[in-house]
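Read through the structures below before going on.
Both complexes shown next keep chain A, but they swap its partner, so chain B is in the first and chain C is in the second.
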Partner chain A sequence: MKLYDYVLSGNCYKIRLFMAFLDLDYEKVGVDFYPGREHKSDSFLAINPLGQLPVLEDNGVVIRDAQAILVYLANRHDPSGQWWPQADHAQFAQVVQWLAFADSITGTSSAARLHDMLGYDLDIVAARAGAHRLFRILDSHLSQQEFEGHHWIAGPSPTIADIACFPYTALAGDGGIDTFYYPAIQRWIHRLTRLPRYHNMPGINVFA
Partner chain B sequence: MDSVVSFAGWMPAGLQNAAETGTSVRAVIFEDDIAIWRGQDGLARAWQNRCPHRGMRLSYGIVRENRLTCLYHGWTYDGTGGCAHIPAHPDLVPPKSIRAKAYGCVETGGMIWVARSESSEPPPQISGTWMPCRTMQVNRSLTGLAEVLGTGKANLALAMGAWAGQLRVAGLQGAVLLAVQPMGARGAMLHACVTGPEDLTRASDWIESLRGHLERPIAA
Partner chain C sequence: MSPDDFTASHWYAIGRFADFPEGLSRPLRLLSQDIVAVRQGKDVKVTRADGRPCMVQARYGHVWTTLMDKPRALYDMPEFLEEGRRLVTAGAIGVLCSGLRAVENFLDMAHFPFVHTGILGIEEHPEVEKYDVSMDAERDEIWATKCCFFQPMAAATATGGQITEYKYRVPHPYSTILYKTCPIREGAWDLIGLFIQPTEEDACIAHSFVLVFDESNSDTSLLHFQQNIFLQDRMILENQVPRKLPIDPRWEMPTRADASSIAYRRWLKANGVVWGTAKLAEAA
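On to the complex of A and B.
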């Protein structure tokens, strides 16, 4: 398996983290996202016409979108079914719902981070407000889960929904978004960093 | 806007479960930035959120046993705030003068309370057993909050002589303990505790709707 990767990308980190949780071997192909803009080069656009990272290649299959890659890896390499539970229809739908939510976190929190760290020209007020709106929803959901005795987004054990929502929630501070407003999110971040084989990404200042 | 009221006496700084054993979290009270952390001994500490070395936030710190290690260069502080170890000078016994600035910190009513060290007020004592329910950030200055709380349908001002008060909420078995933690330009944190698990979900819904009410634009 080959992962087109950039070390400071939270979406690439989703895949690196899940590979570690599943204890999988793979090859990393570094893409010079900044300052090289290699993800917009003709050769990379031939791999992903959206010009986005991450992309996974496995036996001739090319998959773009972090959430799609998580689904693929879970289906292929997690015989326990823990990370992508399919037996319960409602839980299955929950996981899909929060995978989509994760991409909205990218659209707001990650955008704010690109603005603050790399000087991207975008509406920073709207990006931060959008992220706060989503974090209120996530914090409320995680609180409800705790009331039920559950510690994860979609049920009693962690799923790919937790992995998908994690990086740009934990990295939100880089975009000037204060996550200390959200105590249930803080507890969930700490829990995730204590999972076996967890490893950190630069910028996530939480240690197990 | 909030200049009339300032940080004097004991203030709510979070629900007890905001700082779990072995973690350090951030709290803001008016303009004070505070790190709250809990050692393996179960004790919560509140310190100025600035490492005496170069000012790194101690809420990013790493808790081991009953010590806090700064993320930046690893200066390590004991449970009372005294510097116990400096990795760059492993053989040095750090001078007594290197100390994290500690606040008073007690837990009562399911909440963490802090006071500036110079405060001589006795710590609050809230009777009964309270279970942490929700903390919610609300985008309203204290002045705005007082305005809405005083006039609103909930008529909360009455209950909140100080920063916390007990309320009766329709549909709940027990009471709600509500506390307000002002954060200056950041609005405020609302903290709610309940008397038992049966009220958690309903109290949580209630405080969500209270926030909606508080954030509605005030007619000019």
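On to the complex of A and C.
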């Protein structure tokens, strides 16, 4: 398997982290996302016409979108079915729902981070406000889950929905978004960073 | 507050040439002032808010400007002329702290095991051996030499742990260069440097570069290595309180490992640097 990867990308980190959780071997192809904008070059657009990372190549299959890649890896490499539970229809739908939610976190929290960290020209006030709106929803969902005795987004054990929502929630501080106000999110981040084979990405405070 | 004379008298990196596309005006901040940079053919033109032009020069892979009409000369880095070296520029990273804080953190080896765990240090080897700090009076710059540190993965080329020797140079209040034993060439040093663009007293943009002898890594892997390290620093820098650099010696307890940091603070003080530093009263 070949992952087109950028070290500071939270979406690529979703895949690196899940690969580690599943203990899978793969090859990284480094992309000069910043400052080189290699993901917008002709040769990269031939791989992903959206000009986005990550992209996974496996046996001639080319998959873009972090969430799609998580689904693929879980289906192919997680015989336990823990990460992508399909037996229960409601839980299955929950996972899909939060996978989509994860992409909205990218659209807001990651945008704020690109602004503050890499100088992207975008509406920072709107990006931060959008992220706060999503974090309020995630925080109240997680505290409801805790109330029902569940520590994870879609049930009693972690799923790919947790992995998909994790990076840009945990990296929010990089974009000047304080997650101090979301105690259930803080506890969830803490639990996730204690999973076996967890490895960190710069910007995530594992001591929190 | 407007910058003190010493701070104002320097050249500052504002980006790489490629960061200024033809015809696009880019509003920038430097020393709490608005400036505008625009590419015109082979040149980048920089103007102040009132339309007066600033001097510009291209050096060390970056475009430099100054707010002074008679600035100090930009320091020399003869290594940029050496054959066989590769230059990788890592772009501009915004950090919410005084650029002086960023320089000081760069000089401090004691943070390696805790911030760059498994790469530039390991928790089992936290000790910083005594090293030498000297002032080069003629060039008015600081050198820290004979800095030795155990590193599990000193560079992108490293294949295992080693004792790495470092030298640090501070030739400018907002620039610092580290010279690191080159893992593949006997007697040679690899350079990693920071050119800070201080935007406000407590905010900056870090431009950085790697200038190395390396035949095995792609530019992209050198870039990823460098950016990963710098982002680890960024999180620490943004959590320091206060954001400006305290230079009053009564403030933070110096330890032996901090010898270069003490020298840096003294040097700033001796040169009358006030802009970007914190007063004791701000501590509370």
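Simple rule for what comes next: the second predicted complex is superposed on the first by the 206 of 208 C-alpha atoms of A that agree within 3 Å, B and C clash if a C-alpha of one lies under 4 Å from a C-alpha of the other, contacts with A are read in each partner's own complex, and residues count from 1 in each chain.
To be clear about the criterion, contacts are C-beta pairs under 8 Å (C-beta built on N, C-alpha and C of every residue); 3 or more make two chains touch, one makes a residue touch a chain.
All values reported here derive from a predicted model rather than from experimental measurement.
Considering only the touch criterion stated at the top, classify A:Ser143 as touching first (chain B), second (chain C), both, or neither.
Only chain B; A:Ser143 stays clear of chain C.
Once the two complexes are aligned on chain A, which partner has more residues of chain A within touching range, chain B or chain C?
Counting contacted residues of chain A, the larger count belongs to C.
Is A:Pro183 contacted by the first partner chain B, the second partner chain C, both or neither?
First partner only, chain B.
Would you please give the residues of chain A that touch chain B in one complex and also touch chain C in the other complex?
205
Can you tell me which positions in chain A touch chain B when the two form their complex?
Residues in contact with chain B: 140, 143-144, 147, 178, 180-183, 186-187, 190, 205-207.
In the complex, go through chain A and note every residue touching chain C.
So the residues of chain A in touch with chain C come to 6-8, 30-32, 34-36, 38, 116-119, 173-174, 176, 202-203, 205.
Write out the stretch or stretches of chain C touching chain A in their complex.
Touching chain A: residues 16, 18-19, 89-94, 96, 205, 218-221, 223-224, 227-228, 231-232, 234-235, 238 of chain C.
Considering only the defined contacts, which chain B positions touch chain A in the complex?
Chain B reaches chain A through residues 14-15, 17-18, 20, 23, 25-28, 59-60, 62, 71, 134-135, 137, 186, 189, 197, 200-201, 204, 208.
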